[in-house]
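Every chain is named by a letter (A, B, C and D) in the order it is written, and numbering of its residues begins at 1.
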Amino acid sequence: MDIVVGGRRKAKRAYGFDEVALVPGPLVIDARDVDISWMLGGRKFDIPIIAAALDGAVNPALAVTMSELGGLAVLNLDGIQARYEDAEAVLQKIADAPSEGIIHYIQDLYAAAPVQPELIKRRIRQIKDAGGVAAVSAAPHTAQKAAEAAVEAGVDLFFVQSTVGTVRFESSTISQFPVADFCKNAPVPVIVGNTVGYQATYELMEAGAAGILVGVGPGHICTSRKVLGIGVPQISATADCAAARDDFFEKNGKYIPIITDGGIRNGGDISKAIAAGADAVMLGSTIAAAAEAPAPGYSWGMATSSADLPRGTRIKVGVSGSLKDILLGPAHKDDGTMNLVGALRLAMGSLGAHNLREMQTVEMIIAPAIASEGKSLQRAQGVG
Amino acid sequence: MDIVVGGRRKAKRAYGFDEVALVPGPLVIDARDVDISWMLGGRKFDIPIIAAALDGAVNPALAVTMSELGGLAVLNLDGIQARYEDAEAVLQKIADAPSEGIIHYIQDLYAAAPVQPELIKRRIRQIKDAGGVAAVSAAPHTAQKAAEAAVEAGVDLFFVQSTVGTVRFESSTISQFPVADFCKNAPVPVIVGNTVGYQATYELMEAGAAGILVGVGPGHICTSRKVLGIGVPQISATADCAAARDDFFEKNGKYIPIITDGGIRNGGDISKAIAAGADAVMLGSTIAAAAEAPAPGYSWGMATSSADLPRGTRIKVGVSGSLKDILLGPAHKDDGTMNLVGALRLAMGSLGAHNLREMQTVEMIIAPAIASEGKSLQRAQGVG
Amino acid sequence: MDIVVGGRRKAKRAYGFDEVALVPGPLVIDARDVDISWMLGGRKFDIPIIAAALDGAVNPALAVTMSELGGLAVLNLDGIQARYEDAEAVLQKIADAPSEGIIHYIQDLYAAAPVQPELIKRRIRQIKDAGGVAAVSAAPHTAQKAAEAAVEAGVDLFFVQSTVGTVRFESSTISQFPVADFCKNAPVPVIVGNTVGYQATYELMEAGAAGILVGVGPGHICTSRKVLGIGVPQISATADCAAARDDFFEKNGKYIPIITDGGIRNGGDISKAIAAGADAVMLGSTIAAAAEAPAPGYSWGMATSSADLPRGTRIKVGVSGSLKDILLGPAHKDDGTMNLVGALRLAMGSLGAHNLREMQTVEMIIAPAIASEGKSLQRAQGVG
Amino acid sequence: MDIVVGGRRKAKRAYGFDEVALVPGPLVIDARDVDISWMLGGRKFDIPIIAAALDGAVNPALAVTMSELGGLAVLNLDGIQARYEDAEAVLQKIADAPSEGIIHYIQDLYAAAPVQPELIKRRIRQIKDAGGVAAVSAAPHTAQKAAEAAVEAGVDLFFVQSTVGTVRFESSTISQFPVADFCKNAPVPVIVGNTVGYQATYELMEAGAAGILVGVGPGHICTSRKVLGIGVPQISATADCAAARDDFFEKNGKYIPIITDGGIRNGGDISKAIAAGADAVMLGSTIAAAAEAPAPGYSWGMATSSADLPRGTRIKVGVSGSLKDILLGPAHKDDGTMNLVGALRLAMGSLGAHNLREMQTVEMIIAPAIASEGKSLQRAQGVG
């Protein structure tokens, strides 16, 4: 399927959420009978949705609620929660700051206060004491130190995340993050990302990752595409990594789940990500729009605070409802951002998928969602 | 024609109305000589247009007018007409309600009053007494009970409609709707939908359906795509189901018509649906824009009233003219929403199709209707 | 190159102006040395541009100017000029009328006054007396009668135009327009259109047409697409008809030029039409934007006045300059609507084409002109 | 890979910046270790970025700064700097002029003052005296005369630029620019452009060009496309020319770098251009947006001043920061227009490319950047 783009240069066509859709077949299943549970690091979760380690999306309280609802939330150990005692006040400041100069403002707030191991421990204990599953995230260069504090505090799952996470790293000045050693030595499961591509995923699984985050510059229009030229639409990225997962499982007998992370905006995208091969999805802004989110109505990315090359800014996400309504409904909006679990169940039922593994094989079509004048008329039909 | 979207995942490309166009050949036929009649359940109709079972589109009076004009209208037996004695007043309330909170408002109105068999009978008798063809629609879980009342009142055609209608349904808690038994036992023809795909269509035909509604999340941008990720553009969906119809006819000698339902906005879409293989089309908002429509100027979908996962909201469709002008002209707008029959006749004549079966084989091209700066200039040419 | 759109339905991909571009090669020719002359009906024209028979584009005076500049203009014998003594006053009324109800207004003005043979003669004599080439256009059902008057007045070229012009026509009530007889008996060359497709074009050439107008619903978004579903993008339509022309020439030794008509907005489109195989182009709104046009600043189509199914309305085209500036420059706009001949010459020179026949074979690429954020930056580069 | 567009007409699909993206693999390299140096005309440059010979982008002072930062700037010898003693004042006038009539205003300013060899010498000496590399550009018909003055003043690199630059040129009235003789006789390396296509590029290399500028009407929406119909998207154009470069190198042992010129808006485009095969890129408006640029906040193209067929106008580019911040950072915007070198380094590191030659072979995918509703949500994810 290689396409010549010019001269001897070839490329494959990659597909994103808006370019595909799912096709019902001859069997429909009662949505209540659908099994959407999944396993990560030996732990079973009722719903395949993870709140992303964004400062605007996850604080300890939200992590607890997320656990109660059957999902998982990841706390950012490089962010405000690990730098400021009164994190909530700082997050509110960011939410309240004017748009003009917001990148500088965020850069300064992150630079002004170093990460404190004591704060790491305190945040994790807040989650554990309330009965939640404590999952945390750190960048490769901060992971070793953060992990010591986190493990001491009783963390359950550890995420290591960078823009492009690979086993192999070359540098003349800094030492490599030892993925395999880290995974082997950590007393808890380690999830690594973000990645795209069969080979990189397979190598991370060989290195001992308990889960893989899939997604590098996934959106159709996203900052990594503009700044770096890098980015793979999520349907293709997920399908590539799923092939690695399935091959790894066949050869090694270990099923390492892959989690599609980035670019997911609604229930339809969740269904498509899983249909492309994902075992679960990670959501950022959709969760940041919960009433319980730390910086009500706002979100910003991990790379916003980059000192010399910020990618992403603070955006307004609004407040769509309680976390429970967003995940389990009822929805009082029709844009697919509420009752995500209900939507996934109904989608799977309509597609005849008994569980997530079957959902990974439902029929998919390429059907671009191009803007159309007929939008309002089509919506009125209701059956569509 | 399978395309690799990533890893081992494959998908076919599917096409919608805005991506195709029809191509004239060397023969032109006088539009007045074109035969656009078709058969449904042993009954002949002069025009291949059905008004959809939306509360904002069809009440008994409109059904009568539709019959007089040679078409057919389907009354929703799960809607306001079957729940409220003074349905028109309730429908007017919905039309008058503010947009803010409209989904809640509709949800409440539908939940507040149960379906009454007596009202079902009364509505059907209103249609029959005025000489109209009485066609009604119910969801699978309400169909049995509604059918009893409807048959008693002398209904002519019975539609069973759900988001995805199939012969096979699995549930641990509720019993399956027995499609084949229902079709066999009903004293009137039963039309079933909505469906997409060769296999599901073929199975419904084997189960005894007298007609099939084609269309699941058909629009380019529609709520099912956003909420569930599910949806098949109508040109491809129609062509797939048409292949099942033709094969079923060849093997069983029974010609079961397929009706493209959803996403049709104008005369051009009607022509394209039939050229893709449809025997007739079902229109919602275009009919809801008739002066005689029950909720003047507004329409909403069957799934708008869903309690936990509404898909679609109330939209303003405006009033474009009398039902007669919309169907038979004259048009005083140039956007293809009026004189639909005149447009279909002229299209078939220009394409050299003597009847609908020949229209199903005219030349089709893939020619995306992308937005273009030249829009106004092109329109001015007039010949285009 | 057939693509399956679903089931057993196949379609070819067709291309429009905005989807292709032309590619320079290793030879550049001085623009002044390029030969852009062409032959129509035994007559040589210096420039391959014809003003379309739209009431808003061509009156006798403009036809004379067009002849003086080396082009050709076609007068509409079914329009205002043939119906009203003081045509200019009526055209000004149309230009001055409010947008609200404009279609009705135009319908009424055309219906109120019948075509008068005396006016036909007078208009043609105005052109001839001033030394212009007199070309006129009529619909098939009015052509016979109009031709008598036109020939008597000394017309030079006769166009017969309908939405879809073919040799074969079936009707139970009206007699067929005898294309072959008409062409044979007319004392002047007869140009016929509009058509698309190899077969229809070849048949018209066999019937004796001296030229063929190519284009049915050509624009990306145009009324025929919306109302009828019919339309072929011009690059593909032109290339199809060019193949018929070349084959006809090879077998019969007669070179019948084809004229791309519809959807052309700027110099780039003219270049592309010829590169796709056209011998000349027909322009409507671009000419209607001339200061000398009959209804300054406005244009409307032949099908706008259709009583029961109007396709197209009156649009504002503005005034871009004198007809001479539009055709020969200098341009004082950079949007490609002025100095069309200069642009064609520069394009042909840059592409190494000595004449129009060579221009029909320059390298073409498929390169969609999608809207892009980078628009303004790209324009600033200037070299692009 | 030829596609039939209609009849016997074929075309290749060509790709632009917004249609492709780059894909990380299993290796990441420290961005600080990446080698982005390159050679042009025997001279080594630290960064592969050239400021284009636009009057709004380059004056002698900016050329010096550009040299200091490791790049190169080209001074336009046909522009204001070579025509007016007090060039800065004239440039400021252009920046200050109202938009209305700006093309005329620019046309007049260029026509009013002839190019003066003395000014050419003075500008070059200003650059040389301050320690900069002096690169200049002239059109083919002015190159001979300009070169005499430039060489006398000690110029380092000479660019000959026209819309379509080829070895072969035909004219009945003016003599051909002798590319091969000019390159052979010039005491400094001669870079020629602009070109697209394997054959034209190969011929220019045979003629002795020391570098090739790639790009004719590159943008998705650009004036050459609209006015002339000519234009090749840059990814395909670059890959075609890169194939010629590699073949020429293999046969002749001389590596002639190719420079992608036009349509580049951000760091992502730079990465993609090199990944398509470029050795360096040329930037116009991005440089014109530097605080040090000659006409602060504005830019216009070489073809804007064309007397009879202007292509491009003056556009507002704004001021994004100092030239140093634009090239080396830090960025305080997230749109990819600042810290271009940092972005290229990070992109190459993330893609596992040690140097530009390796960057030319990283994995590329076709992934259209279509406008999407999800834009803001995706950006918020930050990881994307």
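Methods note: a contact is a pair of C-beta atoms (placed from the backbone, for glycine too) under 8 Å apart; a residue touches a chain by one contact, two chains touch by 3 or more.
Only a predicted model underlies this, so the values are computations on that prediction, with no experimental measurement involved.
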item	value
Each chain counted as touching subunit A and subunit B at once	none
Path length in steps (a step moves to a chain that is touched) from subunit B to subunit C	1
Copies subunit D and subunit A - interface residue numbers shared by over half, same or different	different
Rounded Å distance between subunit A and subunit C, as computed from the means of their C-alpha atoms	55
Where subunit C and subunit D are represented by their mean Cα positions, the distance between them in whole Å	39
Touching two or more other chains - residues of subunit B	12-15, 236, 368, 370-371
Inter-chain touch pairs (all)	A-B, A-D, B-C, C-D
Residue numbers on subunit C that touch subunit B, as the complex places them	3-18, 52, 54, 56, 103-104, 161, 163-164, 166-174, 194-197, 199-200, 203, 215-233, 236, 261-263, 265, 284-286, 288, 299-304, 307-313, 315-317, 368, 370-371
List of subunit D residues in touch with subunit A within their complex	1, 12-15, 20-30, 32-33, 198, 235-244, 246, 266-272, 275-277, 329-336, 339, 342-343, 346-347, 350-351, 363-384
